[in-house]
Each structure stands twice: as structure tokens, then as C-alpha cells.
Amino acid sequence: MKKLPDVQANYPDIPLNLTRVGVTNVKKLVEVARKGKRPIVLISTFDIFVDLPSERKGANLSRNFEAINEVLEEAVSSPIYEIESLCEAVANRLLGCHEYAKKAEVRMRSEYTIKRVSPVTKTSCQDMVEIFAEAVSYRDPEFRSKKVVGAEVVGMTVCPCAQGIMRARAIEEMRKVGIPDDKIEAFLQRMPMPSHNQRGRGRIAIQVHNSERVSLSKIIEIIESSMSAQIYEVLKRDDEALMVYQAHLNPKFVEDCVRTMAYKIVSEFSYLPDDAVVTIAQINEESIHHHNAFAERIATIGELRQELNIK
Amino acid sequence: MKKLPDVQANYPDIPLNLTRVGVTNVKKLVEVARKGKRPIVLISTFDIFVDLPSERKGANLSRNFEAINEVLEEAVSSPIYEIESLCEAVANRLLGCHEYAKKAEVRMRSEYTIKRVSPVTKTSCQDMVEIFAEAVSYRDPEFRSKKVVGAEVVGMTVCPCAQGIMRARAIEEMRKVGIPDDKIEAFLQRMPMPSHNQRGRGRIAIQVHNSERVSLSKIIEIIESSMSAQIYEVLKRDDEALMVYQAHLNPKFVEDCVRTMAYKIVSEFSYLPDDAVVTIAQINEESIHHHNAFAERIATIGELRQELNIK
Amino acid sequence: MKKLPDVQANYPDIPLNLTRVGVTNVKKLVEVARKGKRPIVLISTFDIFVDLPSERKGANLSRNFEAINEVLEEAVSSPIYEIESLCEAVANRLLGCHEYAKKAEVRMRSEYTIKRVSPVTKTSCQDMVEIFAEAVSYRDPEFRSKKVVGAEVVGMTVCPCAQGIMRARAIEEMRKVGIPDDKIEAFLQRMPMPSHNQRGRGRIAIQVHNSERVSLSKIIEIIESSMSAQIYEVLKRDDEALMVYQAHLNPKFVEDCVRTMAYKIVSEFSYLPDDAVVTIAQINEESIHHHNAFAERIATIGELRQELNIK
Amino acid sequence: MKKLPDVQANYPDIPLNLTRVGVTNVKKLVEVARKGKRPIVLISTFDIFVDLPSERKGANLSRNFEAINEVLEEAVSSPIYEIESLCEAVANRLLGCHEYAKKAEVRMRSEYTIKRVSPVTKTSCQDMVEIFAEAVSYRDPEFRSKKVVGAEVVGMTVCPCAQGIMRARAIEEMRKVGIPDDKIEAFLQRMPMPSHNQRGRGRIAIQVHNSERVSLSKIIEIIESSMSAQIYEVLKRDDEALMVYQAHLNPKFVEDCVRTMAYKIVSEFSYLPDDAVVTIAQINEESIHHHNAFAERIATIGELRQELNIK
């Protein structure tokens, strides 16, 4: 076979460094090995980049696929693998393939099947959550590589503001029909009043350097348990009764969800160093509006520890 | 200018009729004239097709743009225009441009700004609803042309099932704290109990032949008023209080929303002929699940009249 | 546990039959067993409906999940399963769960990983195609149940019209530099001229009754081979050279793609009965426009056979 | 009217500062006044945030709507308004409404209709581009406010690598049929060879402080003219011929597009200060792959000037 022209290796007309060059929206079947269990199968979407120096016209994008394919093949057979380590392995291999690059970046996102059991009838069901990971590796060892792992989970949120107003109305209506105040009080301690409630989406991303391990299941648990209630794909009538009741006992603004997640991250990930960066967001698809409510905190774990007074 | 080869006019390798050939996802700024007011401006997306006989390799797709551009220019200056008539005008002109076609189809969809006033503080706000229209025209006058017009509107739905269960629980809790049954009854007649509630999307499409006029504002009103409550982009605290209260007095399944819309269509569009076809659907983005609840009825107005016993 | 109120079983305020009531956007991990191989894992999205009689307020939507869960569990262990048969099994079980329903409908769609080998360097790569299936079952044996199976595949299309024009220009330019006509002719027989080319999406759905088997891999092969070229996620330089060359030797309008697919369906599925219905569509994401080009044929296999003169 | 409980003003359970709290996906009809012309009408989507101090449970989100509504009403009547100034005006007003906030952020995006005239037949057509803007305002005058404005435009890119290979093949084929090398050379100088080509999306965002004006039309022109060719919604045969020909004379990688945009930004916006930050990206929806090619440069204008040696 004759050598074909390699246009990418030419000197470009406009010599300028590029921050990132690569491929996006690459879909891959990923099998993550687990100890003593069948591997988890993920349909993942990858974005894969390297930087490009000013003297080179183009990056050889097909090498990105060689890097990812080699890593994915190994991932099936090797003992245990986290998705952020998988991204890191691809990033490191990219630096090998692209000899001109100083930095490599890999991002992946995937739907991930989790199992839930309904609260009363103990009916099993699946749900899908979104998981994602990221890695940035540098050729120069002076720069510290980074890894990110996170998830987005759908749950239910009940508005405390509307509930406060409805509670005030309930008191008024109970007085009107002649119920004495002590009984009103006793009843309202047992029975929450209506509000608007909706799908909320909680999102946590944790960025660490090097070797700290961040459990994705713990992240998912924190998100789920920071809304008014977690949701289930199958709810029999008794389950639905309990879930709606408990959600109304636990009303949450978007702000509350973010603060609760922050508090739990600081408590649960006590071993993480102060310079780990967390991004925590909550989006409520308001049932009374067409728009969404949104809250976010971006901070280092150290900052959160200080503000929350937790060591 | 020299004549370029016209490949489309060739005889194809595989002579087969095609049901539709055309362009999709064509975005256009549409100005619809109104009597005594400034024209309405819509950013619309069009799909435009003709059928293609077996002996012709391709349709001249650029003619679709000539047809639509001519009609859109006239629409600005002419007195009043409905979006389904605009589609019909384009379809008729397509039959002129594509001398080989027997049928022309035009579909459009657009976001449409409506004004709402909040229920208590009377605060004005905008909301966007989706509107759509369609027209099918035939060259042969034996075939009857068709026009469709419709809308999809977001509102709020409260689940009657969960509310029934919560009501049962409220009765139980009131008895526990010693409230007598007649006061319980009196209170519960004034105060609805909690449930899950969520964004619902109601959708109506009405297909008519020829000249019957179908008011799009009436369609939007029917959809909005068939859910538990209509939503607003701005709600001050008093508005929110009333809206949440009233929504909980008016719980609706997806099934109820569709049946209410059907009833109102039959009542409001009493002049429509029995062979008009309506498609009525409701999608609830359940706050307790990740999936949606859905109900739909497709029927002629005649069938609905008969089932509902309305003449 | 006390019996909770069953609001769905009530008589509705507006007694009207509903065409379909159910759940949409249900995500499920589906494992399809294969003879002598590991099962295929699909992340599938289901829509599941039954009809609802006028005298019933609501359908018990949680039963849809029982039906689907039972079928999915069996699917893992049973020998071989097509996705349309899986839909049919769910539909049949729905008729068992919803004793009031006369009809059940199940739709699923999924991304499906296929393997490809590049044309010259024989590099392996994965690609994702969209697959989908549908089943409609009736309680009354007089109505014939239906099954649909299909796929949508991305490939490359080269425009014959622009290529014809560029060929005319090439002839002109060759004459200008003094190349004799016989050499021009000889060269242009070996070397195709430029055109615009783009991502195209071909789509086939085949609807059958009862027991006919429709191979999904054959459908995918037909779609891929009906465009100018199939695409690959990894192409080394020699592969890219051959692929671009061959695509330009095989220019195709959207119309040509649909007709080619129709011809191949009739040839490859010669055993299908005349009343099988096929929907064949091609969408080109034109590189010279912001809009898409589209062609479609909907017909029975019998009609296609007659028009194409194939028995 | 009785005073309703103001739950948002409470002290939260977990006192933690929040980076941003607000509303997303707010759709608004925006009319931007122009000197001596009819106003431009945009259907815009806004995200609107303030920060929240640790001692406050919630932000009063309905105030965001008051802020935006007031600004939008003024925008219709006031002389000339850029979209980034509109965002800035909303951000400043938010600081007035939310007395507890130190920072306000407003983002908007919109489709914007532009007019194009085809290159040969001079046929007029519309196209839609995406425009966006952003503003960040601080209460403390020590922090400098920021404004961003940008656009994303679809065009056509021809791959230089595949074209180089096809050119090599054309030379080979011409030699085979006996065309002498000088005529080959002369012909190939006049006639570009095939390649794969596709929809590309160029994107520029420019961030400035204070009062510098950045022309959005200039940004759109730079993006369009940095790909192989700009696209048109209507092309008659002669237009298509010229456009495909010229695009093939001007092949561009994603890397080339980004570098060309960077060069033009530095040339055209010579008055911008060195600390203005530009983000320049190109995404090619490759016709030979299912994935996209991507390149990006993020830099200050000062850095670009230095690397490109332009003062």
C-alpha cells in the first residue's frame, strides 16, 4: 500500500495553539468489571480531546478511537474499575498516541440502571439515573491531573412556601367549622397540608486529584435522599400513599435540596481533601410554572467544611 | 448562462411512486395579519411535501421555497389569516410548482405567546404554547382537501387517587385527635387534602374539510381549563395560594383531562360537521415517577356526539 | 393492611371510551437471549397502552409494569426472542391484567450496538443504530394482531445533481487546458467529481400479522447499503480514501435511497405476504442547507411487488 | 388581604451560601428597538440568578419576573439596544429587587432571522442563527461586571485530508489514461477534487467589561466566512454549482475554522482591550462518521494578539 498524504501533519496557515481538538458524541458499549458479579453494561457517550500546538495543522482523530478501544477491552477483564478511572486511563493513553499534545481530556456520560424497592409492598423496580465522569491528564508531571465523577437523579420536591400558606388556610377553615385550636394543632402535627410538588433533578459532581475514591452509589444516595421523596417506577396504592404522605412531611425548596446535599457530602466524604471541588445543583420542573427553579453551589470541600463548621 | 444538467427530471433506475418527497425543518419568520392590530410574529418550522410519480427521479425541492415565500409575503398584507389556511395556500401553490404531483402536504408548528393575568393580584405575564397546523391538497377535485389546526398547552394536574387515599388518612388522623365526624366532614368539604401534582400537557388537533373555521384561542382555552389548574409564569404569594387550593379541589387523571376536553369540544364547536376528526391527548409528567402517564381519544365529532349523547 | 380507596374503578363524570391509556417513556434494561452467545443488553424505552371503556374512570397503570417485568424476566432465560415478539408478549399479558380492555399496544425503541470492519485496514469498530418494535393485540380473536419491527441507520449520501453539474464543469476545464475528449471521457469513467454529501438517515418499519419472522439484521443491512456509502466510527487514511471514492461513484437522492430500500425489501423478504405494510423513509441532513431533504413510501408489499413487477 | 407567611425569609436549617438561585428556561417575546426600522422580534429563553446568603432560606423568584418585565417593556421604546445590554439592565435591576444578593446573572439565547442572497441568481432567503448573551453584575463596585455576546451559525466544511487523498488518486488515474503531467497540473489548479463535506457549526462568544460594543452581525459574518462555504436555504442550480465548487476550493478542518475565526476576531475587533476573553469553537457533523469533530480555543484577545503577532 502506497503512503497517502498526511495533511494533518502540515504547518497551518494560521499558527495558533488550540485548547482542545477531538471528537464528541462517540457512543460506546462499556462493560465495567465487578468483583464476583456479572459486569455492568453501559451505553456511554464520550467526548475525547487533546490540545494542539500552533505548528501542527490537525490532530489525528482516529487515534482517539484506538486509545479508547484498547482501554475498553482491558476494562472488561480487569478486576474493578470506576468510570472516572476509565476516563483517566483513556486520557493517559491519548498522551501516548498524540506525541504533540500536552494535555488530554475525556468525558463520558451514561444512563445507569439502579434497583429500588417500593416502601410498603416491597415491589422491586428499576430506574435510570444519569452518571458522568471526566479526566484531565497532563504530560508535564508538574501539573496535577484531575478526575470528576457525578450523577443526576430525578426525585420529588414539595414546595414549603405554598404548603405554609395552605396550612394557614387549613387552620382558618378548621376554626370556621368550630374545631378548637389544640385539636387543630394536634391534627396538623400528624397530617401535612397540600402544596405544589414536582419532578426535581439533583446533580452532584465531585472533582478530585489522584487516588481518592469517590463512591458513585453514595453520590446517588445523597441526591435521592436530599429531595422531599425519592421516586419509584412502580408504586402500588399503599406505596403511593406512604410516599406522598412522607414527601409532604418533608417540603424542600431548590435551595434546601442543595444545602442538604452539601451537608451530606461533607459528612459522608469526610476523607476527601480540602481542595476537592464539588458542584451541587437542583432543578425543579415547577408544576405551577412553565419555567424551572434552580439553585447551585460550587465550592471546595474545605470551604463547605468551614461554612458548615464541620471538621 | 449555460443550461446546467437537470438530473431530477431523469427517469429513475427503480421506477416506483413515492408517497412524499420534500423538505423538513424549514424555519421561517411568519407574520400573520390581524384586523386593526399589529401582525403576530411567529418563528415557525415547516415540513413541505409533494408525492412523486414513478417515472421521475427527483422533485425540485427549491420550488417548495418559492411556494412558501410567495404565500408568506402575501400573508403579511392580506386582512386575516389562520395558520391552517396559510398551510393550505402553500399546499395549493405547490401543486402549481410541481406539475407532476397529485398531492401536496404542508405542516407547520410554532411557539405562540399568550397573555395571562394571575388570579388574585392580577399580575400580567406571558406564556408560550405550541401551535400547529397542516393542510393536504389534491390536484384531482374528487379528493377532498384537509386542514388540521391544534395546540399543546402545559398546565397542572392533581392526582385524584393519591388524594382519595390522603383524605382517608386525614379522616383517620382527625378521629385520633378526637375531632367529631360532622366537623371532619365540614372541614374536608372546605379544604382539599394533599396529593401528587405535576406538569401536564394537553393536546388537541382538529381536522376539517374546506371552509369550517376552528378558533385556535378556543382550542387553547379548552386545553387549559381541562386540567386541574392553568399555570402562570408569575404568581405572587396570594395567587399561588388560590391556584394551589383550586387545583386540589379539581383533581384530574389523564383520562379525566381527555374526557373533559372531548366534552368541551363537542359543546364549543357545535357547528362542526360530524366527519371532522379530533385527536385529544393528555401527557402527565408524573411527580412520583420517572415515566409519564398518557391518555388519548381519536374520533370523529359525530362519534363523540353519539357517545356523549349531545346533538 | 386496610383496603385503600380505588378511585380508578369509579364511574367517570364524562362516560367516554378512550383509544389509549397508559405510560410512556418507561426505561428498561432488556436482555435478549441468543443461541450459544451471551445475551444482548438493550437500554429500551417503552410506551404501553390499553383502551378504556366509557364506564371506568381510570386504568390501573401500575399493572403495566407487572406485565412488562414478568415478560422481561422470562426473556433472559428463554431461548431466542425478537424484540417484536417481546412487545407482543407484553401486549398479551396486558389483556390479562386489564380485564376491561379490548386492545393492548406496546412500543419499544432502543439503541443497538453493531460491529463494523473498515473496508481496507479491516479495523473493527462499533456503531449504534436505532431499533424499534411494536405490537397490538386484541381480546376478540376476530381482530388480527399486528407486529412492527424496524430500524433507523445513519449513512452517507452524495448528491447526484450537484455532481452532474461539477462533472460538466470538469469537462469544460479539461478542454480549456487542452485535454482531448477521449481522454476526458476515460478519466471521468475512473474518477468521480465532487458534490455535496452529508449524513443521511434511512428508516424501515415492517408490519406483519402473526408468525412471519422479519430479520432485524437484514433490515439494517438494507438501509446501510441503500445510501451512497455506509459510515464507520474509525477510518484510517486508506479506509477513508476508499470510502469517499466509492460514495462518489454511487450518488443518491433521498428518492433513490427510498426506492433502493423498497426494491431490496421486496427481493430479500420474498416470503412475506402481500398484506405486510412497509414504511420506508430517508432523511438527508443536507450539507448545503439548514433544512433536511425527505422522501417516504408507505405501501403494502403487494403494491410494491406490482409496481416493481417482481413476483 | 391578610399577610401570608413568607417562608423564604426564614433562617435555613443548613446555613450555607449559594452560588446561584433563580429560574431557568423562561421564554419571553423580546422586541429590540432599531434606529429607523421596525423592532426586531425575538423568542428568547432566559436564565436569571442571584446569589443567596447563608442566613436566608430562599430567594423570591417572582421578583426575577418583575425585573425582566420592566426591562423588556422599556426595551421596545428606547432607541437602540444590544442583547448583552438588555441582560445587563436586567441584572442591575435584580440587585435592586433582591436586597440580600451580592451578584446577579442573566443569560439569554434566541433564534435570530438573518437574510441571505444566493451567490449567482441573487435569490433572497432567510436563515436562522442562534444568538446568545450574558451579564454578571455585582453590588460591590470593586468587582467588575461582565457582559458576553455571541452566536452559533451553521455552514459547510470540506475535509482537506480526504481531498488530498482524492487529488493523489486523480493524478494517478489521469496518468493511467495518458494525460501528460503539465495538463494534469493545469487542470487540478482549476478543478478541486471530491472529499467528504458536512454541516459545521461555528461558535464565538466574546466577553467584555463595561462599555465596549461588540457587533453581533460582525460575529455572525466571521463565523460564516471561516468555514468552507456559507449555506443558503434556497439554492437554484447555478447557485448550488458555484457554492459546491467554491467550498471544494476552500477545504477546512475544524482546527482551520477555529484558527480562521481567531484571526478575524483579532483583525476586526482591533479596538477591544487585551483582557476581553473569547471562546471560539467549531463542531463538524462528519458525513463519514456518526460522531462529531470538535476544536476550541479559549483565550484573551491579548494572548491571541501575541501568538498571531498582530498588534
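Each chain gets a letter, A, B, C and D, in the order it is written, and its residues are counted from 1.
Heads up, the rule we're going with is that contacts are C-beta pairs under 8 Å (C-beta built on N, C-alpha and C of every residue); 3 or more make two chains touch, one makes a residue touch a chain.
Since the model is a prediction, treat every value here as computed from it, not as a measurement.
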Number of hops, chain B to chain C, where each hop joins two touching chains: 1
Option reproducing the contacts of A-D, where over half of them reappear, out of B-C, C-D or A-B: B-C
Same-site or different-site touching of chain C by its copy chain D, using the half cut: same
Distance from the mean Cα position of chain D to that of chain C, given in whole angstrom: 35
Chain centre separation (chain B, chain D; CA means) in Å: 32
Where chain D touches two or more other chains, by residue: 4, 26-27, 127-128, 161, 165, 233, 235, 237, 241, 289-291
Complex interface listing, chain D residues touching chain A: 4-5, 7-8, 12-27, 47, 49, 52, 54, 57-59, 61, 160-161, 164-165, 168, 253-256, 258-260, 262-263, 283, 289-299, 304, 307-308
Chain D residues within the chain C interface of the complex: 127-128, 154, 156, 161-162, 165-166, 169-170, 173-174, 176-179, 183, 186-187, 190-199, 229, 231-233, 235, 237, 240-241, 243-245, 247-248, 285-291
Contacting residues of chain B [partner chain D, same complex]: 1, 4, 6, 26-29, 41, 43, 62, 65-66, 69, 111, 113, 120, 124-128, 233-238, 241
